[in-house]
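What follows is chain A paired twice: with chain B in the first complex and chain C in the second.
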Partner chain A sequence: MQKENFFKKYWLVMLTGLLVGAAAVALTAFGNPANMGFCIACFLRDIAGSLKLHGAGVVQYFRPEIVGIVAGACIMALIGKEFKPKAGSSPVIRFTLGAAVMVGALVFLGCPLRMVIRIGGGDLNAIIGLAGFVLGILIGIFFLKHNFSLGRAYKQGKVEGLAFPVMLIAGFVLTLISVSFFAVSTEGPGSMHAPILLALGIGLVVGALAQKSRLCMVGGLRDAVMFKEFGLLAGFGCILVAVLVGNAILGNLKFGFEGQPIAHTEWLWNLLGMTVVGWGCTLLGGCPLRQLILAGEGNSDSAITVLGMIAGAAAAHTLKTASSADGTGVNGPIATIVCLAVCLLVSVTHLKKEQ
Partner chain B sequence: MVDARGYSCPIPVIMVQKAVKDNPDKLEVLVDNQTAVGNVTRFANNNGYDVAVKELEDDEYSLALTKR
Partner chain C sequence: MTNYLATFHTHLAALKTHRSLTAAGLAARMAPVPRRISSSCGTCVLYSAENPCYDKLDTDTEAVYLLNEDGTAALLREFE
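The block that comes next holds the complex of A and B.
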């Protein structure tokens, strides 16, 4: 009875999780970099590169998946009458946290989604990342329990809400008609990609389903710990199951620390990089995927966060804080500590007194 | 009464969680997005409250929580 209820209540988020996992495996099979079928941080970093905001030649490509996710969420929200433009909840703080989350993610080499995808490919470094991610979420929960809040948002007009989705779609159309305008990697991860229409289509479906189901990588653990709600965590688990099964079928499953695709073995920075991501995203109210979805729903605070992530990616490659398969960047460790300090500062300065 | 308008999840649920600690028989919650309606309703149902949702003007919702 209990079990039946659980599936009845959470089938959509579990289905979305399975589909995201399957999509990650499929996109890799069709050309995306290994264990990077679906990584919001990597894809935003590639978009930053394609706009020449950073000069790392190997990671420049206007990823259609991102456009699809935001557009899919936007269309689904419009259909479901959930397109509600709003803004005004500490925009500069959100921009900064978005940038910090991206810097942390690029020290580890992946957003929470890619972390699960890496675990599903047998990359044990990502288990250490997961430990850091959990630690970060628990720290974030501590502050939420002590009345942390970035403040309320206010209603905005339709145009404000549509600005970010339209901007992304326009940028994407420009890449189709004027390739020379944007940078495109000729080698490295940025040069590896699935066919454009397939990537866009999968993005659209994932965006639409994630909008309806509210799938979120930090929300899973947060809701389980704070409210004993296990729906979103089930979605998280379903992604892992789908990736594990998919990789096992395709023979891509290789357990170990060494020689994993686009990963390094410096455990301390893998751990702390993801601590920044878990902590920052808990303060922001959702993982990078969720921020894209909310931006599609017309939430300008989330759009600002995504822009912060793009800026963070540009900074990470320009200031050499991003890791590579060889290890952390020269300035990676110090940047990680700075980002932890930023999270702490934001946390302690936004505690509301009990009424 | 809990006025969680303008706040995005999980804050509305946390506000309700704190409010039901005093074990009130009735509680009114105001929110302004469907995610919050769903999350607060689920939380309330799991914690011994029935919920009646009323849609107000301007995309706002009033949730009447009643102790079972």
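The block that comes next holds the complex of A and C.
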């Protein structure tokens, strides 16, 4: 009976998880880099590159998946009368946390979604990333339980809420009009991509379903620890199952630490990079995927967070803090420590006193 | 006793309301906001009381719902 209720209650988030996992495997089969069918951090980093916000020639491409996710969530929210523009919850702090999360993600080489996808490809370095991610979320929960708050948001007009999704769609239209508007890598991960319309279409479906189901990598662990609610965590698990099965079918499953696609083996920085991501995202109230969905629902605070992530990606490559398959960037370790310090500073300065 | 559900603009507001309700001796618990009520992934407080206890809710309360026996929820009051 308990099991029946669980499936009845959470079937949509579990289905979304399975589809996201399957989509990730499919996107890789159609051209995206290995174990990078879906990675919000990598895709935002590629978009930053396509705008020449950084000069790393191998990671420049205006990823249609990001446009699809935001537009899909926006359309679904409009249909369901859940498009509710709001803003005003510590925007600069959110921008900063978004940038810190991105720097941490690029030390590990992936957002929480790619972390799961990497585990599903057999990359054991991502298990260490997962340990850091859980650690970061637990630290974040500690502060949530001790009165941490970034303050409330307030209602805004429709134009404010639509600005970010429209901006992304306009960028996508420009890529269709002329490839010369944005930089495109000729080698490396940025040069590897699924056909544009397929990537957009999959992004739209994932965005719509994630809006309906509230799929969130951080929310899953947070709800499980704080409220003993395991629905979102089940979605997280379903992504892993789908990727594992998909990779096994396609013969892409290879367990080990060494030689994994777009990954390195420096365990301490894999761990601490994802600690930054877990901690920062818990303070922000959602993982990078969830921030895209909320931005699609008209939440300008999340849009600012995404812009912070794009800025963080640009900084990570310009300041050489991003890792590569060869290992951490020359400034990666110090940047990770700085980002942990930023998370700590934001955490302790936003503990509200009891009235 | 009637069952109520309150949603909030921040997690902190839910935390403070939960403390205030339990300090008054009422049965209250925090949980993720049910999907059918909102697309936001915030925290709500479920509580049982004779009345909605508006005076015990935090200033950042978003809305209060009446929970019916059949599991449906009816909006009682929306706050700014």
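In the analysis below, the second predicted complex is superposed on the first by the 354 of 355 C-alpha atoms of A that agree within 3 Å, B and C clash if a C-alpha of one lies under 4 Å from a C-alpha of the other, contacts with A are read in each partner's own complex, and residues count from 1 in each chain.
By definition in this document, a residue touches a chain if its C-beta (ideal position, glycine included) is under 8 Å from a C-beta of that chain, and two chains touch if they have at least 3 such contacts.
What you see is a predicted model, and the numbers here were worked out from it, not measured in a lab.
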item	value
First (chain B), second (chain C), both or neither touched by A:211	second
Chain B versus chain C as contact partner of A:352, first or second or both or neither	second
Residue contacts on chain A - larger count, chain B or chain C	C
First (chain B), second (chain C), both or neither touched by A:144	both
Contacts of A:153 with chain B and chain C, given as first, second, both or neither	both
Partner chain(s) touched by A:223 [first = chain B, second = chain C, both, neither]	both
Doubly contacted chain A residues - partners chain C and chain B	82, 89, 144-145, 149, 152-153, 214, 219, 223, 226-227, 229, 285
Residues of chain A defined as touching chain C within the complex	77, 80, 82, 89, 144-145, 147-153, 211, 213-214, 216, 219, 223, 226-227, 229, 231-232, 285-286, 290, 297, 352, 354
Chain B-touching residues of chain A, taken from the complex the two chains share	9, 82, 84, 86, 89, 144-145, 149, 152-155, 214, 219, 222-223, 226-229, 285, 294, 299, 301
Interfacial residue positions of chain C with respect to chain A in the complex	9-13, 15-16, 30-32, 35, 38-39, 41-43, 60
Chain B to chain A touching residues, read off their complex	5-11, 13-14, 17, 32-35, 38, 42-43, 46, 58-59
